[in-house]
Structures are given as structure tokens and as C-alpha cells.
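To start, the structure itself, in C-alpha cells.
We call the chains A, B, C, D and E, going by the order they appear; numbering starts again at 1 in every chain.
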Amino acid sequence: ATPNTSGAADASDTGTGVTLRFGELGSALTQQALLEAAGEFDDLPYEVEYSLFPAGPAFMEAVPSGAVDLSIQADTPSIFAQVGGIPIKVVGVQASVKTGESFVEIVANPDSGITSVADLKGKKVAVLPATILQYTVVRALEEAGLSYDDITPVELPLTDAPAALAKGDVDAVASLDPTLAQLKASGAVVVGTGLGITSGYSYVVATDAALADAAKSEAIADYLGRLGRAEEWAVAHGDEWAAISSELTGLPVELAQAAQERSAAGWVAIDDQVIALQQEQADAYTALGLIQTPLDVSAYYDDRFNDVLTGGTK
Amino acid sequence: MVIDAPGTLTPPAGGTAAVQQPVVVEARGITRAFDGRGVLHGIDLTVRRGEFVALLGRSGSGKSTLLRILAKLDTEATGTIKVPAQPGVAFQDSRLLPWARVLPNVLLGLRDGDARERARTLLDDVGLGDRARAWPRQLSGGEQQRVALARALAGAPELLLMDEPFGALDALTRIRMHRLLRELVSRYSPSVVLVTHDVDEAVLLADRVLVLTDGRLSLDEQIDLPVVGRRSHPGFVALRSRLLTELGVGDDDH
Amino acid sequence: MSAPPAPAPPARPPRTDGVPADGSVRVGVDDRFHRAPSRPAGLQRVTQVAGRAIGPLFVLALWWVASAQAWVSPILLPAPGTVWAAAVDLVSSGKLQDNLGVSLGRAMTGLGIGLVVGVTLALLTGLSKVAELLVDSNVQMVRSMPILALQPLVIVWFGIGEPTKILLVALAVTFPVYINTHAAIRAVDARFVELATTRGLGRLALVRHVVLPGALPGFLTGLRFATSISWLVLVVAEQINATAGIGYLMTQARTVARTDVIIVGLVVYALLGLLSDTIVRLVQRKALSWSSTLQAR
Amino acid sequence: MSAPPAPAPPARPPRTDGVPADGSVRVGVDDRFHRAPSRPAGLQRVTQVAGRAIGPLFVLALWWVASAQAWVSPILLPAPGTVWAAAVDLVSSGKLQDNLGVSLGRAMTGLGIGLVVGVTLALLTGLSKVAELLVDSNVQMVRSMPILALQPLVIVWFGIGEPTKILLVALAVTFPVYINTHAAIRAVDARFVELATTRGLGRLALVRHVVLPGALPGFLTGLRFATSISWLVLVVAEQINATAGIGYLMTQARTVARTDVIIVGLVVYALLGLLSDTIVRLVQRKALSWSSTLQAR
Amino acid sequence: MVIDAPGTLTPPAGGTAAVQQPVVVEARGITRAFDGRGVLHGIDLTVRRGEFVALLGRSGSGKSTLLRILAKLDTEATGTIKVPAQPGVAFQDSRLLPWARVLPNVLLGLRDGDARERARTLLDDVGLGDRARAWPRQLSGGEQQRVALARALAGAPELLLMDEPFGALDALTRIRMHRLLRELVSRYSPSVVLVTHDVDEAVLLADRVLVLTDGRLSLDEQIDLPVVGRRSHPGFVALRSRLLTELGVGDDDH
């Protein structure tokens, strides 16, 4: 039985009558395939409806319409959702990168003479504002004894950076895959990483409306459990999953494999430490002037699934 | 000119008989100025049913302006006016819709069942029966004018307002069109106001001639000449000469 | 047959049998298709401006009510008060003016270039068969491509500085100007071109006296588009290495979920649209005073 | 004074003093402004198509050389061969056709709605002063706002399903149609409206016989825009919860850095642009066969 | 009609003297068909310098078509043609540029220094000196026609091609325009081809009349009548009657 995917109607034929509406980010719907490949999709006691958004902020824009229930995202969207008053909570935190790896890297033109973060002083660095990329640059500079004012940040859409680097309009780029792979393929060298800066966490956000609905909340707990197991399966079967996902996303299979090699899985309990990491980021954005009034991110956390995800079922 | 078909023609509705006819057009104190230049200064005009009025006047004297007012196309003129709702109008430019072929142009606005047949007959009458499917731009100047004439006649209107409808026609075609017009007039008895610069045409066709000078009707005269053989009537030459004088043309000029 | 001459009827009050007796002082129908009765020009202008304001005011009122009645969540559509506060903030900090100034420079430069290129191309393809074969299909193809997808190529060729932003504006502006002007040139009445031929007008004189004036209404329609497009494109163009500009302001507000700022931006866009539109209308009124169309009421 | 009557000159070969003696068989000037000398229609069509292809072929050749000479990095502009391979792949897997089909449905539906709305609005504002005061400024304002920024509001009201995508297309299509048709209606010669009045044409008949045919050229110019915009807007619209469509294909290719697929997409867009343009041109030729303009060569 | 100013007028360039003049227009075998309907079937025409040719013909006979060909505006006609580069053309429609005021319309294409002054004088001559700054749409039909006439004359062209240039004028204005034309003709000696449907006008003004019938010149006749007092000359009535017959109008019709 193949349950409904995006755009499906009510799930009146299932036992609970609950339909979970999951907003996937990226370039293609892959989650159902992942669950199926891991054997987690067969006996769902509720319906799941997937929709696709290019990035976190786009998902947040859809939240008030009531068309979505939950999603998994990178660090920043939930922070800025809080600024905009979007009614969501972070209900799960997931490790997505192996320890010792980082998915953010700062690369430079080989002939720019830049070999380390310290060399970025006075250089033009392409960043995407209000993202983990910007945060990484800010923190990396601090660690090298510099400040954000010591570089010339160049705000560019992620996909435009390779052209700007090729043209020599910027000296370095903070990027992530698959653009990062493209940059490296054209000869850019890595001069810094997000190691020790980025948590490598993914954040599950659920809408307040969904959390207020007991049946839905229960379904979310169950679904996240399955998702966690499926992701562990993917980490264990890297090549197999890379083949499936590259077919779906159009990402060259080598890139998919490379990404898969870095990835990790496993739930992290929502605690003060996790919240502090996010608070640090929020404060950095406040310092950059992107957030006007200081933010207490803990207000946007809900640890009701801690037990289910990190204790009981596993 | 009416010798060919005397049976089909009735005498014009001029003379004492016409006074009994109901008023079709009544205009009082029609005044019109363009940007301060006065063109019409309080024109009074009454036209009765079946009356055929020729309107003469110098170029730029306001003939077309008056006709447009009678057709209720001028919102800035002042005065009082009563006219039938839908006059048949032949504009000075033939004003065919460029995007409609000849027949639809003639049919424009006619809804009754046999309009199509009547339009076809009229096109035959104006000698363009075979051009019904031509575009206006494919017609010669005179042909366009004849289509416009057919269109003005097609509704069998109570009032015909015609602004130099024969200006672009050669002598023979013009005679044919005169004949057609007289025929239709005698059949339907519309009131006609015909603007023309051809004094002979005015005297030949009309029951009454007006001359517009300096924004006023400087001459308003019944033509009490016989319909048949009018041209050879002694009154014809006299009236013609009087009108030319009124229009400023000395006898020695002509 | 010959009717006896009859005397002219005696002068007497006209009878109005069969004709309704009510007389109206104004002659003719009062319809928007006809020149409106002349009114003091100033008063007319005021009425018109007031009339045009009805629409926007209605929308504003609707927004107010919708917010007050909580028909829409304030997250999506903040109340007018919130937006007003954000606007006051943006203005008093000088942010709005600065960003508008920067964008104005880009929009105007791009618009200027686009106008020149668009009109030149339209003249070329409108007047020369060869140019049309060579240019027209290329223009059509480039016009059909998403600017977003072309952006990397533009960056490679023109960098990420001001030229690229202006180029993107110019590119976007060129097409409406080109297409409308081209169509208008092709719609110039061939009879006037004939006339020009008999007067021995050269290419240039033909363009000056016949083609351009004849194509002017179409060009102005293109210009109406072009002005608003020049601002719209900045939303995309000012994502590339911009630190100021109304497009930058919008993108930034979107990334950080500042709906109130977005709405201020939208209102600014709307006002810019109205403003440039009003200017084009004025130009139109002035430039087309010769015409006897519905336009020239 | 009076000259004596003179006999008619005897018939003799004409003298050509003062006139160049070279006679040409064709009469008149050969200029694009005049109806071209009649040639077999088929041959003419072939020449025209070939002519139109020159431009694109030139661009293709340039691309080939640029790639071969490595003027541009293959990562930014892959060689024609690479792109061809990607295209073959997309076609043989059926991906291109499927996505095109989905987008075609959206584009056509949105186009249809936008056409109806645009023409209706243009008729309203073109014919009624009141409607113009109420509607026109609002339309101008909405048109001036970036669709990207309106997206959140559209999502709230219409969700993230098909209606939203179609609505965005319809919205984007409405404006060029509206503006061009509105301008064209206003440019309809008032003399024809006068004529219609004397013929007692009602509003509907006036629209049918005078306003619409008179505004047709302007409408078709708007349609030319609208067709390509309907496709362009999908690049944005198909970012909202789309899993198929040409816009989705482009966005996906951009996110996964598949430049070759992007180029395939661009070529598809270009071809779609050419195709819809050709169709509109044909409609134009057919619908405007009455006109004696430069268009109707 | 020329009594008023006999001193300024020279005899027309007709008669034996004209044969000595150089050829200005030479057309051979001019043939034209529209969509298969033949309109002109091999017209041969030679016009000499200073010659004043009137072209008569039924509506739709091809007069305007021939004139357009002589003005080199028809690319689909076949035949050989030699004409001066820039004829002065008065089209059947007055064809004023709607976006140019009256004076610029008259000046269109004239570059020499005193063109402006000449144009102003001509506007005075056609009675529109005070309308120089009016838009074409603000003029009456006859006024538009006179502007077009002034424009055709303004270049002092070697060849004048005029398509019913007086069609919309009243009798007096028409006489004045005739006089103006004769005056300019006598001053600059252009060749003139005048299309008209007014047989009197043709006989009064021209040195030679042509009648176009069924695509051929069915009549081509020199007018050997005195310039002054031509109308009262016995030859006038005879020629007039002959032309009317050629045009299909019986004596009894008129």
C-alpha cells in the first residue's frame, strides 16, 4: 500500500483519522523513499502528506496558512521565525553530521594567497546573510582573532557565489553542499570549516496548532521515531541511499555519496546546552543588527518528545 | 434625371402639403464655439416628415458641425434639440470600420431579420454587389463613399443626415445615386438633411435649401419646382443663380 | 409629371406632432466616449485625483477592518498601526530614504539604458527586414528566459558590482519597451509612410516625422510597464552584493521574517508604481494631445 | 487673352529629353514599407523561417567556440555536448516531457484566467469612468508590487496547492493583458464610436463591433508578453510545494548545481518563447488581415 | 473665371508649342491587377513639361491606382515608368499627419531656407493663414483638403499629381483654388495630372483630358480652347458633352 503523498485528500480510511503534513526542504521529496527503504513506512497508523519548500523561511511563510504541521531544518529559520512571531516550536534536535566533520566550509581562490581564516583580513568574502554560513564566518573570524568588520562581506545568493569567485569578484566563499562541491571542483581550496562552530544539528519544528492537537502530537512522536531509525539505516547503508536520493534530487551520485559519508543520525535531548548553542547564534545575529530586540530562544523549545526520542523507544 | 422611371416616383413632399406633416427635427438656438471661435450662432431649424433639405455653405461654415449636433454627437453645443433616436448618418469621411468587410459595415447595428437581404439589395443598388466581402481598404474612394451611403440608407431611418455623400463620385455614378436616393425617399418618406457644395445637386434634389453663412442660416427657401424636368424649368436657373450669389460666387465667375 | 409651384409655407410656430415635447438645454448624449462638458480645469483635476484615491483608500479601509476584526493573523498581515510604526521607524532612521535613493539611481540608470536599447532595437527591426530576421528572434528568446537562471552567466561576464544590477534592470526594461514599440511601429498606418515617400523623406526624417510620432502611444504603454519593472527587478538584482536598496530591504526583511517591514516595502512599491504611472500619464496627455481617441477625453 | 486652337500633336515615339533613359520593368520603389513583390508563398515562408533561424544559430556557434576555446569555465557554461547529453537524458527518461506537461497545464490555465480577467478589467476601465477611478489605480498598485513579496499572503489565502501556482500565473498574466488592452481601448478612434452611437449600438454591440476589434492589435501585443510571462512565473510559482514542472526542474537544477540541466531548461524556455511567439504572430496575421499597416506586409 | 487677374496668367502650354517641351512623365504598358481583378491594362502615357492633364473616369475605374503608380507607390504594378523624383502629391484622402499641426504638415520634407515662408504664403492662399497652428482633427473636411493642396504645391514640384483635390470644396472656394492652381502653374510650369469627376473642372483647367475606361485610356484629347472666356466658348459645351457621353452620361440625364 502506498499512502498518499503531497496533495492527497483526507485520510478518512485510516484508524486515527490523523494526517501529518510534513514540509520537506530541498529540491525533491525524499523522505517517503527513505522511510520505505528503511522499512518504516508500511504500517503507519496515520496518513502523511509531504510538501516541498526550497528553504526554511519558505516553510515558515506557509505556517500561518495552516497547510503544514512539521519540518526538519537548519539552525536559523526557527530563530527568525521567533522574530517574526511564527507559531512554531522546536520539538526535536538531531545530529546530522559526524563528529569531526562540518558541512560548512570556507573556500578561497587558490591564487588569492589565502590559506587560513586569518588571511581573510581585508578580503571580500561571499556570505548568505542570516544563515549558518554567516554565523560560521563570524565565529571563525573571532577564533582567528579577527572580527566581522575586518573582512568585506559580500552578500550573495548561494548559487551565485561560484560565478563571483570564478570572476574574481570575491576572494573567498562560505558555502555548503552541493554548491561547495561545485566550488571545489573548479579549484577552490578549503581555508576554514565550521568545525567546533556549527553544532551540526537539525531542528524539528512543529506548529503550535499541531502540538495542541493530542492525536497529531502523538503521531508526530511516532513519526519522528521512525524517521530517526530510517536515518540511522541511511547512515549504515550510505551507498544504497545515495543512489536512491540522487535519482530523486538530480544531485550527481558522487556528491550524494560524499554527503552521505559525513552524515550522522541520532536524536539529541533538548536541554540547556542545546538551547544555549542556539542562543549563541541568535545573539550573534543581534550583534550583526539582523535582530533588533534580544531574543530568548528557549521560549521556542518544547521538550515533550525528549523521552520518546532519546529514551523510551531507542 | 427622373425621366427613366417616372412611375415609381412621387412628387416631393414640399409645398403646402408638407406643412401638414409632423415635425421630425426641431432645433432651437443651436450655438457652438470651438476654443472661443464661434461657429454656430443660435440656429433654429425645423424639418418635417418627408422634407428634403439641402444645406449649403462655404467650407468651414459649420455644416458638418450642425449635422453632428443633429445626430446628437456633440456634447458641448448648447440649445434645444428634438430628433428621432436613430438617424441614418453618412459622415463626410466615409468612416467604414476598417476591421469589418463591406457587408458587415452596412449591416452594423441592424438587428431585424431581413436586414441582410436589404443590405445586399442596397449594395447592388450602389453598384457594389460583388464587393460585399472586400475590406474597406480595398475599395476606391468613391466605392467607400457608396458603401457609407448604403449603410446610412440601410436602416430605413426616419431621418437621413448626409454630409456630402456624393462628393467622390463621377457624373454617371452620381446620377445613379441621386436616383436611388429619390427612390428611397419616395418609398419611405424620411426627412433628409443633405450637406452639399454642389448647388445644382441641391436644387435638383431638395424641397428646401438652406445656406449657412457666418453661423446663421442666411437663406431658407422652399423649392417649388416640378420634380420631373426640373433642370429645364426656368425657375431652376434663377434659383441656382440666387444660391450662387448667396454663396459669394458672382455670375461672371462661373 | 410636373407639380405646380407652391408658395412657401407661412412663418408660424413649429408643430411638434409625434415628437416628445421635452427640450433639454444640453445637446446630445453625455457619455464617456465624448469630450466631457468643459469644467474649470483645476476643479476637474482635483475631482480626478480624489476619484483615483478612492480605490486605494478602499483597500486601506479593508485592511484596517480586517486587522481590527482579526480576519487575518497579524503575523501575515500586521495591523496598519504596526506597519505605520515600522514605516515611521524606517523614515526617522533615514533607512528608507537612503535605500530608496540607492535604488532610484539603479532604476533610473537601468531604465534609461533599457529605453535607449529597446527603442533602437524596435526601430531597427521595425524598419529593416534584415535586422528583424537577425534580431527579433534572439530578442524573443532572451525575453523568454528566466533572469534568475541567467544570473550566474551575467555575473561571470559583468561581475557583482553596480554594472550587473543596472544590467539586470536594463535587460528587464528593454523587452516591454522593445515589444510595444516594435508593435506600434508595425502598426503605423502605411498611408503616412507613402506620403513620406512622396515627400522624399530620408530614413531619419521618416523616423522623426512619421514612425516615432506614430509609434508614440505604443511606446508609452511600454514605458508604463518599464517603470514598474525597473523597480521590481531590483528585488532580484539587489540580492547580489547589495548593502542598500529597496530590493535589499525587502529581501532582508523576508529572510528575518519582518512582515511589517515587508508591508512597508509593498506600500512603497505601490506608491512608486502610482507615481511613475502618474508621470507617464501626464507625458501621455501632453504628447498625445493631437489625437482624437477615447484617451484624449 | 485667347490662344488659337491648335491641332492635336501627331502620334510619334515619345521624346525623353531631360529624363534618364533607363527603364525598369518593376514600377516603384522596393522598400520594406511596401507590400513585397508577390513570390510563391511557400518559398517566402521557407526564406523567412531560415532568416529567423540565423540569429539563434549564430548564438549557438558562439557558444560552441566559447566552450571549445575555454573562454568560460565549463562549470558555469557547460559545452554544447554536455548539455546535449543532459537533454537526451532528460528526454529519454521522460522527465522533460512530464515536467513540461505539468507546467503546460498550469501555464495554460493561468493564462486563460489572466486573459479573461485582464480583458474584462480593461473593458470595464476602458468603457466606464467610474470603473476606471475605482479599479485602475488599484491594478497599477498591485502590478507594482513584487510577486515574491506577495507570495506569503497568497499562500495564506490560497494554500500551497495548485490554486496558488495557477493564481500566481494568472496574476502575472493579467497585467500585461490589462495594460495593453486598456491602452488599446483608449486609443480606439473616437470617430468609430460616434458611428456606433448613430447606429444605436448598445454597450455590448459597441464592444463587439468597435472596441474589441479596434483594441485587438494592442491586446495581441499584451498576449505576446503574457505567453512568455506565464512560463517565467512558474520559476517562482513552482518553488511552492511543487514536485514537477519546468520551473521546478530549473530550481532543482540550481540547488543541486546541475548547470547542464539549467542550460537545457534555458533552451526549453527559449524554444517555448519562440513557439508561443510564432503562434501569436500567426494569430496576428490572421486577425489583422484587414489592416493596411507596416505589419500587414 | 480668370477675368479677375488676366495679367498674371499665361496661356496653357497646350497645342503645338507643348510638343517642343521635354517629357516629364513617361509610362509604358502599365498593368495592375488586384487579386486577379485587372484594373489597368497596359496604360501608355506621356506628359510633357507644363502640360496640364485631367484624368476622368468612373468611380473604381483605376484613376487613383494610376496616380499611385505615377507617384512610385505601387510595387506590384508592371510596366515601365519614368517620373521626376519628387512629385507633389495630393491624395484622395487628405492624409494629413494627425500628430503634426497644419504648418508642419505643409512643410513636411521641405528643407530649403524659405520653405517656411512659402508655406505660410500658401496657407494664406488657401484661406487658412490663421489655422497654421491647428491640429488636423480640428479642421473641417474642406479645410483639410486645402491644407493637403497647399502641401502638394509647397515643394514647387516638377510634377503635380492630384487626386480630386477640390472634391470637398464649395463653389466659391473651389473657384479660388482653381485660380491659385492656374497661377502657380503659370509661374512654375509644372506638369499636372489632375484626377477629377467634375467634367466642367476638367475642361476649364486642363490642356488635355484623358478618360479611363475598363483599364484603358478610352479618350485622350487636347483641349484647344482659349484660356480666357473658355466657359463661354462654343467648343466648351461640345467637349463637355462629348466627355459626359464618354463617361456614360446621356444628354437627357443631365
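Going forward, contacts are C-beta pairs under 8 Å (C-beta built on N, C-alpha and C of every residue); 3 or more make two chains touch, one makes a residue touch a chain.
For reference, the UniProt names are B, E = ABC transporter related protein; C, D = Binding-protein-dependent transport systems inner membrane component.
What you see is a predicted model; the values in this text were computed from it and never measured.
Chemist: By the touch criterion stated at the start, how many steps lie between chain B and chain D on the shortest route?
Modeler: When the steps are counted carefully, the minimum from chain B to chain D is 1.
Chemist: Where centres are the averaged C-alpha coordinates, which chain has the largest centre distance to chain B?
Modeler: Chain centre farthest from chain B's centre: A.
Chemist: For chain A versus chain C, what separation do you get between their C-alpha means, in angstrom?
Modeler: The mean C-alpha positions of chain A and chain C differ by 43 Å.
Chemist: CA centre of chain B versus CA centre of chain E: separation in Å?
Modeler: 27
Chemist: From the mean C-alpha coordinate of chain A to that of chain B, what's the distance rounded to whole Å?
Modeler: 84
Chemist: What positions in chain D touch 2 or more of the other chains?
Modeler: 29, 31, 34, 73, 76, 152, 156, 191, 194, 197, 254, 291-292
Chemist: Give the residues of chain E that touch two or more other chains, as numbers and ranges in rising order.
Modeler: In chain E, residues 72-73, 93 touch at least two other chains, as defined above.
Chemist: Considering chain A alone, which of its residues make contact with at least two other chains?
Modeler: If we look for residues of chain A contacting two or more partner chains, we find 64, 159, 162-163, 166.
Chemist: How about chain B: which of its residues touch chain D in the complex?
Modeler: Going through chain B, the ones touching chain D are 68, 71-73, 85-89, 91, 93, 95, 97-101, 108-110, 135-137, 155.
Chemist: Hey, which residues of chain E end up touching chain B in the complex?
Modeler: For this pair, the touching residues of chain E are 1, 3, 34, 56-60, 63-65, 92-93, 138-143, 146, 163-164, 167-175, 197-199, 231, 244, 247-249, 252-254.
Chemist: Please output the residues of chain D touching chain B within their complex, sorted ascending.
Modeler: 191-192, 194-201, 205, 209-210, 213-214, 216, 289-292
Chemist: Could you pull out which chain C residues touch chain D in their complex?
Modeler: Touch residues, chain C against chain D: 29, 31-34, 48, 51-56, 58-59, 72-73, 76-77, 126-129, 133-138, 140-146, 148-150, 152-153, 156, 176, 179-180, 183, 185-191, 193-194, 197, 217-218, 220-221, 224-225, 228, 231-232, 235, 247, 250, 254, 259, 262, 265-266, 269-274, 277, 291-296.
Chemist: Can you list the chain A residues touching chain D in their complex?
Modeler: 6-7, 26-29, 51-54, 58, 61-62, 64-65, 67-68, 159, 162-163, 166, 178-179, 181-182, 185-186, 249-252, 255
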